[in-house]
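Note that the chains are named A, B, C and D in the order they appear, and that numbering of residues resets to 1 at the start of each chain.
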């Protein structure tokens, strides 16, 4: 298994993720997504299952799970990328395994393979330590516009 | 192609979706999702690409696209279901085709096959009449808890 | 929807596909896959559901469906590519909709979007004019090794 | 993580898989698929990369990888099912990570979750100990026709 991508790991990017949680903006802010752990090849983020994210049936909206999956899929790549590049999720697939009604939703992304141009990532989503969704997808690494 | 599911279509459910847009709650409200067309086997919903949904790079967060896909995947099934049942997205896959930076994001869901227990649905997502994402997934039809 | 890829369509590649069916080799030959229609952005191939492809339960092995899907996913791109390039399926997803027990399995691939480097393709698989599987995936266009 | 499905494990089914390799029929026989390890929640099978499975470019046809994935996805469920039931792959997604040109292709399936009606399974495909494909999908457990 090629592990060349592991040769590059930018600790300050990882620390920046954690430090930015207080000031997070955009979709992360709307959904309350916070990154709470980063290590080489792995990143974990979560959100609180607030009433605003729950459907009339009483379950967390699958869209919130999918959004969290999408968020960690790209984020896990950044510490292994060059400054200025960005990671665009190209595609992913998610299986919902169990409904979620309260507590904290936690998604852990693990890089399966990564080249200079693309990464395949798996994501496990848990709630109260039970697996509630499993995902797999691809990020494309994009160079800064010259 | 079996079209038995087409024999059942509850117009008042469809109208209820459209009427509920002013009062929408939960994730729909957070993201500004509104259902704007329902017909047998097909449903269309959209959201405005507001600054709150855009990443620092200037593109709509993929998580918002995924959430909209998840939302229409289930919603398209309701007019063909019994009252009291609910549609749970079991799994889906999305390909992101182009970045989106402004305007309106529109997702159109089409039922591919549907039985009493499950439906497979395809979704086309457009922005300014260009296809920006394509998805495919499964809903499970769940009976009300007795 | 960008249609630039449609500007390039190599008719002799398309004709070559059809002419090669008698001499086909490799997995196509093992499974009896024959391409029977090619047009810009679309390609159709099929195989006979022989006893050798059927499980003890009496259904066509899903692996044969998946192999046919993979085959058309790449093939549909060739007439729109430069000579010498090759199309590698990067990922795909398939939903099996109905079991198949006999007759002919036909897969029709349609290009959703295509750039110089990548294409997203949808595939409909039918048996006796009924939809039995639906797939969606990505091909990467690879330049010849210098 | 619910592990109730682990309470049921039929060793003779597992042994039957291994013993049946000499007599295998159908798609397994065509592609040379042999199951070589079974344990609770996990099953491994492989095939030799013969010239008949290689494309003119010199790479193993992706269809052979997909067929092997489909095969182990269902097979891993059997020891945990009732006699007479069968496992139908409902959907799966595969990412191809590296081309394969020779040696042995090995797929290891792991049950992620399983109920009496459905199972979600992940598959890692390796060649010479390098990960060459990653898949994830769903099996439906079907009762015998009365």
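As a working rule, contacts are C-beta pairs under 8 Å (C-beta built on N, C-alpha and C of every residue); 3 or more make two chains touch, one makes a residue touch a chain.
Just so it is clear, the model here is predicted, and its values are computed rather than measured.
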item	value
Most distant chain from chain A by Cα centroid	C
Contact-richer chain pair [A-C vs A-D]	A-D
Rounded Å distance, chain A centre to chain B centre (Cα mean)	23
Between chain C and chain A, distance of the C-alpha-averaged centres to the nearest whole Å	33
Chain A and chain D, separation of their C-alpha mean positions in angstrom	28
Two or more partner chains touched - positions in chain C	90-91, 93, 95, 138
Interface residues, chain A side, partner chain B - complex	25-27, 29-31, 52-57, 59, 61-71, 74, 86, 88-96, 99
Of all residues in chain C, those that touch chain A in their complex	90-91, 93, 138
Touch list for chain B against partner chain C, complex	1-2, 93, 95, 97-98, 112-113, 120, 122, 129-131, 134-136, 138
